[in-house]
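In structure tokens below, several structures.
One chain, subunit A, appears in both complexes that follow, with subunit B as partner in the first and subunit C in the second.
Then we have the complex of A and B:
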């Protein structure tokens, strides 16, 4: 399976000292009221993507996340279950996964399919698979947003992420405009439905001539990896490779199984 | 071509057999749940599971496992390895809540441990339990969650990427969700009265449903559908229902189906003031007043993330049993010429439209066809 990347946008919290909320207000004139940090971050990434490409009314939108909106969940838990206080209406609305996709779709002018989905593991890979299957039928283009926000209490995120307590976690938002059509593409992403064993990955690596990146979870192979963690890291690595004009092979790992994708910058 | 190979469920009326019996006899099972209101706690009607599901994390998972097991019982080990799973829900996994509480509150604090969890935990556990392929996904688009899962599943099957996909609809009582709906003044004081002048809101419900989707021949074919994200704001569409109309028309186009081929329509029909009005206006803009349309929420409540899979499964069971179920609690229609079905109607095959119009601008119409082999 191959998808072509028409445009990308990225935000990583340790690389940009900005207030997302202020950027939305000043640069994009977005009404930031009644929306929380997770939604703000989703909007920033989407609007940065819109700066780089045309987005059509009938483009589909897929948002995925490794953590989901943990902050609003923690806030609601404290209000309602712990303090016994009455719910705040917009906290309730913001807790629903598709609230973020609604605001993103609205800002981008998308009136087509809009899906908020999470896979417990390999969430970025699995979303690529559903997008590929969807494009086979609909022949449109897709905006894919991958959001992981770690701002309120990183310990909660570490506890749900299956990682060590001393692992650094970051916020990052990465968008891609994807298509089956290669024309004017910046890069291609090649992937499959397979789960690989360690031995199978070693075989792939023997024949591979591209630069290799691994996710933080991946301890074998001794290849390059980042020190930070967020669940949708693959989307960031891809965007960075495209920006640098690189091609690479990316390996992710969970529960003794590996997933592989290849990025070919054009 | 993707087909629905089987459907199993648990609703507030019990399993497939008892739910079907209850529907035939116009029975409901509305309990009460206490919710936090602005001036204390209030009892609200709720379509809760009866004794079939123990009200605990383990009890819910055990019931879910049993439903999914029934759906995939015909699959060999090899076929299970080619089976993906997609859950549609608005439920937040209790492990996530545990992580929140054991971090935030000193008196609940536990030594640091990390267990990978997410809203997709149920799908992950079911995958392990039944040696499924490993592709799991949870869609969280409010009322359209599990119907969107059906459409995504049919894409995965049609494109040949997976031989089978199990679609699960899951909704259980959540204080946070229910309180939110109460605060929005969307909950009825008694029953759901779809499309009725006297409607006063919805009754939430619990449900577990599983559909097995594959390309093998089946009497139930997924002809197509359409999903969009279009609302005038986060909670509503226009009163005219133009957004719903667009979804239904595009679903008909995608399913290569004409308006007059629709045998009957299962409306979303939450019993809330604005959603019912918009849906009625959209229906009457597309269909003549001869349209046979019905509603299922008065029987089992509004099961939010599960209603896509549950209402398809219930409707399929009714048609397989030879009838279209009537709508309940209806006296005076909000549009006089358009009355939901008031008596069960004999029917064992046809082309059926299913509407799901929810929060967050997510609207989906699905078209299924049943043809006797």
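Then we have the complex of A and C:
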């Protein structure tokens, strides 16, 4: 399975000392009221992507996240428990998975389908497979946003994701415009539905001539990896490789299974 | 490659699939009036009977496995559609301990339903989709596309949502709850009933003797308003038309539309207008008068209802409706016996997230 990347945008919280909310207001003239940090981050990434490419109304929108908007859940339960109040209207709305995709679709003028997909790890890989299958039928292009924000409950995130307690958790938003068409593409991403064993990955590595990156969960192979964690890290690594004109092989690991994807910059 | 629905099972406030269809055809709503979530505000809710939601979930999925041609789910993709996942359990812990420390992280996330089923059945792979009330309808979209490209041979679509404070109080905050059983398409209707359900549907690339074909799926975004649909029904019609195009059918070939029909003012008005515009006198009714709105589970539960309508050749009557708001749509007040070849089922969600699924009988 192969998808072509037509444009990218990235935000990583430790690399940019900006207020996302202020950027949305000043740079993009977005009404930031009634939206929370998760939605603001999703909008920033989307609008940065729009700066780099044309987005059509019949492009589909996919958003994916490791854990979704956890902060809003904590906030809502506090209302009920500590303040004895019913849930506030916009907190309830902002909690729903497709609220972020609604605001993003509205800003980008997208009228085709929008999907918010969360997987049990490998969420970015799984969304690529879904997009590939959908594009085979629909022949349009897709905007994919991968969205994770550091949360009040990072300790829960670490336990769920199998991450060391001292691991730094970052916020990051990475968008890609994806297509089946190679024309004017910046890079290709190749992937499959297989899960790999340790031995199978070792075989792949023997034949590989590309730079290799691993996710922070991946202990084997002694490959390059980042010091930070967010569940959709693969999307950031890909965007950075494309920006640098690099090709690479990326390995993720969870629950004794590996996933592999290959990026070829053009 | 075509996709076929070969097995299914469900549990809702109306009971299992057999009891549910009996309730639909005999127009017996399973909605109860409840004050356990908001003591001073009685609301109609669709409450299931269970000791542990997750045990019921496993039991429904086990039933599908036992009745299927599979020995296990080890080569099956699981796609779960849920709007709130493990919220009910997280709420219980939080209310008891006043903090999150005792929450089992594996039962906290939105993907808790797929986690639970993965632990119990060891699926090849899992996905969780959360697009509110279109969640499990969108799971069919993914299932059909993934089977079409040969990525998977077997996909189990599960729609599941349990009642919790977040959804009951959240919809109350939106002022769309009904204090009685909902009355879809009725003039002067009061609102919707939040409900819970579990529905599991096995979609495969192989046809069996009693298969129902998953003929087409269409989706669209209104991108109009966060909670209100596009009043011109642009998104709703686009979703239905996309499903027809995907199935290679014309509107006149559809025998029955299982409406989203929540009983809210905005939804039923717009959906009725969309059906009126796109179809020529097709039968349409909402089974949410029986089950309530099962949120993320609705797409899968109503897929099962659609399959049963085709198998039984009996169009469901509209329960709890005496005076139609829109007399231009063909709502049957009693069951209609007829050959049913194709059923279109609508699921519409907040943010104008629309999905329509078409099911077909095999001759």
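We take it that the second predicted complex is superposed on the first by the 257 of 266 C-alpha atoms of A that agree within 3 Å, B and C clash if a C-alpha of one lies under 4 Å from a C-alpha of the other, contacts with A are read in each partner's own complex, and residues count from 1 in each chain.
Basically, contacts are C-beta pairs under 8 Å (C-beta built on N, C-alpha and C of every residue); 3 or more make two chains touch, one makes a residue touch a chain.
Please read these numbers as outputs of a predicted model, since none were measured by experiment.
Asks: Should the pairing of subunit B and subunit C on subunit A count as a clash or a fit in the superposition?
Replies: clash
Asks: Of the two partner chains, subunit B (first) and subunit C (second), which one does A:143 touch, if any: first, second, both, or neither?
Replies: neither
Asks: Quick check for you: in the superposed arrangement, does A:163 touch first (subunit B), second (subunit C), both or neither?
Replies: First partner only.
Asks: Considering only the touch criterion stated at the top, classify A:46 as touching first (subunit B), second (subunit C), both, or neither.
Replies: Neither: A:46 stays clear of subunit B and subunit C.
Asks: Where does A:126 make contact in the superposed view: on subunit B (first), on subunit C (second), on both, or on neither?
Replies: both
Asks: In the overlaid three-chain picture, which partner chain does A:117 touch, first (subunit B) or second (subunit C), both, or neither?
Replies: Touch partners of A:117: subunit B and subunit C.
Asks: Now for A:109: first (subunit B), second (subunit C), both, or neither, which partner does it touch?
Replies: Touch partner of A:109: subunit C, not subunit B.
Asks: Is A:254 touching anything from subunit B or subunit C once the two structures are fitted on A? First, second, both or neither.
Replies: In the superposition, A:254 touches subunit B alone.
Asks: Count the residues of subunit A touched by subunit B and by subunit C, then name the partner with the higher count.
Replies: Subunit A has more residues touched by B than by the other partner.
Asks: Can you list the residues of subunit A that touch subunit B in one structure and subunit C in the other?
Replies: Residues 1, 61, 67-68, 73-74, 76-77, 80-82, 86-87, 89, 92-93, 95-99, 101-103, 105-106, 110-120, 126, 129-130, 132-134, 136-137, 153, 156, 159-160, 193, 195 of subunit A touch both subunit B and subunit C.
Asks: Which residues of subunit C touch subunit A in the complex?
Replies: Residues 38, 83, 87, 90-91, 94-95, 98, 100, 103, 105-106, 108-111, 114-115, 118, 125-132, 134-135, 138, 141-142, 145-146, 148-149, 151-152, 165-166, 169-174, 219-223, 226-227, 234-235, 238, 246, 349-353, 355.
Asks: If you look only at subunit A, which of its residues touch subunit C in the complex?
Replies: 1, 61, 67-68, 73-74, 76-77, 80-82, 86-89, 92-93, 95-99, 101-103, 105-106, 109-120, 126, 129-130, 132-134, 136-137, 153, 156, 159-160, 193, 195
Asks: Please output the residues of subunit B touching subunit A within their complex, sorted ascending.
Replies: Against subunit A, subunit B makes touches at 36-38, 90, 92, 95-97, 99-105, 112-121, 123-124, 133-142, 148, 152, 155-156, 158-159, 161-162, 175-177, 179-180, 183-184, 227-231, 234-235, 359-362.
Asks: So in the complex, the part of subunit A that touches subunit B is made up of which residues?
Replies: Spelled out, the residues of subunit A in touch with subunit B are 1, 61, 66-68, 70, 73-74, 76-78, 80-82, 84-87, 89, 92-93, 95-99, 101-103, 105-106, 110-121, 123, 126-127, 129-130, 132-134, 136-137, 153, 155-156, 158-165, 193, 195, 254, 257.
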